[in-house]
Amino acid sequence: MQGEAAILTAFEGAWLSQRRQVRRVQIFTLTGVVVVLALSVWLSGITATNIGDGLFERIGHFFYRMLPHLRWDSLFASRETPGSLLSWFYALPLWLKAIKETVEMAFVGTLLAGLIALPLSFGAAANVNRRGVLRQVIRRGFDTLRTIPEIILALIFAAAFSIGPVAGALTLTISSAGSLGKLFSEAIENGDVRAVESVRAAGGNWLLQMRFGMLPQVLPQVMSYWLLRLEMNVSIAAALGVVGAGGIGVELDQAISFTDFSTYLAILLILVCIIFAIDLVSEQIRHRLIGGLGKA
Amino acid sequence: MAAALRINPQAVRPPLWDQWKYWGLFAAVLAAFLAAVHDLGIGYAVLSAGVLKLGVILEAMWPPSDGEAAVRIWFAIAQTLGMAVLGTTFAALMAVPLGLIAARNVVANPALHFAIRRIMDLFRGIPALIWALILVAAIGLGPLAGILALAFADIPRLGKQFAEAMENIDERQRDSIRATGASDAMVLRFGVLPQALPIWLSQCLYSLELNFRSAVVVGVVGGGGIGFELQERIRIYAYDEVAYIIILYVITVSLLDLLSARLRGNLI
Amino acid sequence: MLTFTGVTRRFGDVIAVDNVSLEIAEGEMIGIIGRSGAGKSTLLRLINRLCQPDSGDIRWQGTSILALKGRALRQWRCHAAMIFQQFNLVLRLDVLTNVLLGTLANRPLLASLFKIFPAEARAQAVLELDRLGMADAALKRTQFLSGGQQQRVAIARAMQQRPELLLADEPVASLDPVNAEIVMQQLRDINVERGITVIVNLHSLEIARRYCRRVIGMAHGKVVFDGPVSALTDAVVAKIYGSRYASEEVGEHLGEPAAQALTEAVPLMAVS
């Protein structure tokens, strides 16, 4: 009887103190989060703007204004007829040309970035490059390139190469090289070095060891990352156009400043559709690759 | 040689198709690349002139200088960080219901699931900058437009992440709570949330990292913060100050990434 | 003739190979036995310079292999072909390409990078595969092969290198008994029919006894036995493996009672 009560009190005590501990951690985390949020609200100056005055009404109204005035009876009529699809997309040839430019920027940028990143990524991988100093230099290089916001690079390149898609393509190249470099090197570090060793034992030099021992293993992953980056870069290329890097972004920026908001929606729809299509195709290719169709 | 051909001719002399398959692919990609390069107007003249100018710019960046406005820059970084935090928070709040209805194990109807996922994919392609343009036009310049832009751009991506986390939970834990006769809300609270919540928080932290980068972009279009400061200085060719800000920014990002990785490690 | 003179190799505090001196004549088939960590693997890897000795000299036909660099070193590695316990093949490539990797040391770099191998090399590879019964699998992707099949492909690649030495680092440790026999038989045939010096690391005493004429026993990095299989007495085996493990090590394939009998009967066993 006495023993039971003692055990119970001991247990109660332990349990309560553990609960207190957990509570302490919870309160600490919660306070931390609240402090961070409060600071953010104060710093961002969000309170300065008049949130109150029907914010979501205003946004909603804006979206309403983006809707075109289409009419059922003239939906498929000519461009001049108000209410037709063609009048909504009145500058379709121009916009298609612009989106082609955006996609080309993304394609060129991503391709070049991968070609730069792949050889360097072998230098950044710990399991194939023993020279710590070189490895660190390459890694820091990759990290720096991927951290600098693309838009800043775009502004600088636009200053150097003048406004246009050249600046945009170069921006994507430099920025993607950093990101791809890191991803590629991670894939290599996950690779099995035993095959590399057997190429070394057969008398192959470092280059051959990488080409036959490591590359076949990592190629599906590498291609997957490369294609994913291509998808992202179409989106980014569109955004960069806003600061003058060419492509559909330029059209978007002009549309919102000078024209009907329904034009903006039209251009936006084209952009979204193209990105959606590219994402779909890329996903198909990537599934095939991981499924084992890689060439190596 | 003859003996080998008798044994396995295909191995000794592979058919032409096998050999040319990959060369063909390579040629196609090369052709597309050259066509794109030509179309974009990337030529030797443009590049060489640009590289020279770039050299001048890079030279002007050293040594970096704070332009006597160090405090202002630090404040701008904090402001950008604040924007990122609020944007992520808002995105997370919106992504929770979205993630739930986009999860195969919450909404069983395959057609509905497919539709919701496709709609989210559609919106995923719209980068924060484009949202920022729209929102600035709708509600005017300022951090609010920036924060909402960050949120709207992030919600589809985060929602998809949340949904996938939901789908990857261990069903057995959920079923065992359900077997006790608990209500749906209780099943969610005890059978699902303890599994999903750490992953969600981890994904939110990653989102914060991404949004800090996007916040700079958004700042350029009028959201304020570092983006605005950088753009201003590029406009007036004050490249040494630009360099200073970039260095500071890169350091901040590294710290943020480190902190986020540490916290995420503790969660999972 | 391969000679080791006072070769030592350390890894931190551990002495993997301790002042080893050996002579191996051409055409010999040698089994190296010993416990895990005795230094067998390191010894083998010193021969093809995957590992560098801290002191001592290793000579092949009078020339020191330690001084080799660059192209000469790669040529040497080609001449001293090695096969591994885990086969170490490139799984995503097809069997034929894996065998053709044996020609890398002698082909121009650029051609190899683009996987351009002449028809003669391909024919030779097919013939090597055929001798091992693997010719039909030449265009299959290597990852779909079983362990025994992969090891045979590895042997084919080793033969493609036209080696003078074949170094086998625990080649059958990851194989089932049937495939182990097939592979060991192949190694013996290579030694007998082609006159290639074969040095095999083995963890199974029984296999060493059946296939090798000369056995080198290692313990703690030192060579504690070097002689014909017939001289492997119980005492010697105890020295190599440690007395507690003498019959256990042998017993892995045969079972306890048979192992006991075998250990007792050792002085009476003759090599086939």
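Remarks
Chains here go by letter, A, B and C, matching the order in which they are written, and residues are numbered from 1 within each.
Here is the rule we go by: a residue touches a chain if its C-beta (ideal position, glycine included) is under 8 Å from a C-beta of that chain, and two chains touch if they have at least 3 such contacts.
Treat the numbers as computed from the prediction; the structure is a model and nothing was measured.
With centres defined by CA atoms alone, the chain at the far end from chain B is C.
The interface holding more C-beta pairs in contact, when B-C is weighed against A-B, is A-B. Rounded to a whole number, the gap between the C-alpha centres of chain A and chain C is 50 angstrom. Taking each chain's centre as the average of its CA atoms, chain B and chain C sit 51 Å apart. Averaging Cα coordinates per chain places chain A and chain B 4 Å apart.
Contact of a single residue of chain A with at least two other chains is seen at no position. Looking at the complex, you find that chain C touches chain A at residues 48, 50, 74-78, 81-82, 84, 86, 88-93, 97, 101-102, 104-105, 109, 112-113, 154, 157, 161. Partner chain C is touched in their complex by these residues of chain A: 194-195, 197-205, 207-208, 211-213, 216-217, 219, 294, 296.
Residues 36-37, 39-46, 48-49, 51, 55, 58-59, 62-63, 100-101, 104-105, 107-108, 111, 143-144, 147-152, 155-157, 159-162, 164-167, 169-170, 234-236, 238-239, 242-243, 246, 252-253, 256, 261, 264, 268, 271-272, 275-276, 279, 295 of chain A touch chain B in their complex.
Looking at the complex, you find that chain B touches chain A at residues 22, 29, 32-33, 36-37, 39-42, 46-47, 49-51, 53-54, 57, 75, 78-79, 81-83, 85-86, 89, 121-130, 133-135, 137-140, 142-144, 146-148, 213, 216-217, 220-221, 224-225, 227, 230-231, 234, 237, 242, 246, 249-250, 253-254. Within the complex formed with chain B, the residues of chain C that make contact are 96, 119-120, 122-127, 129-130, 135-136, 138-139.
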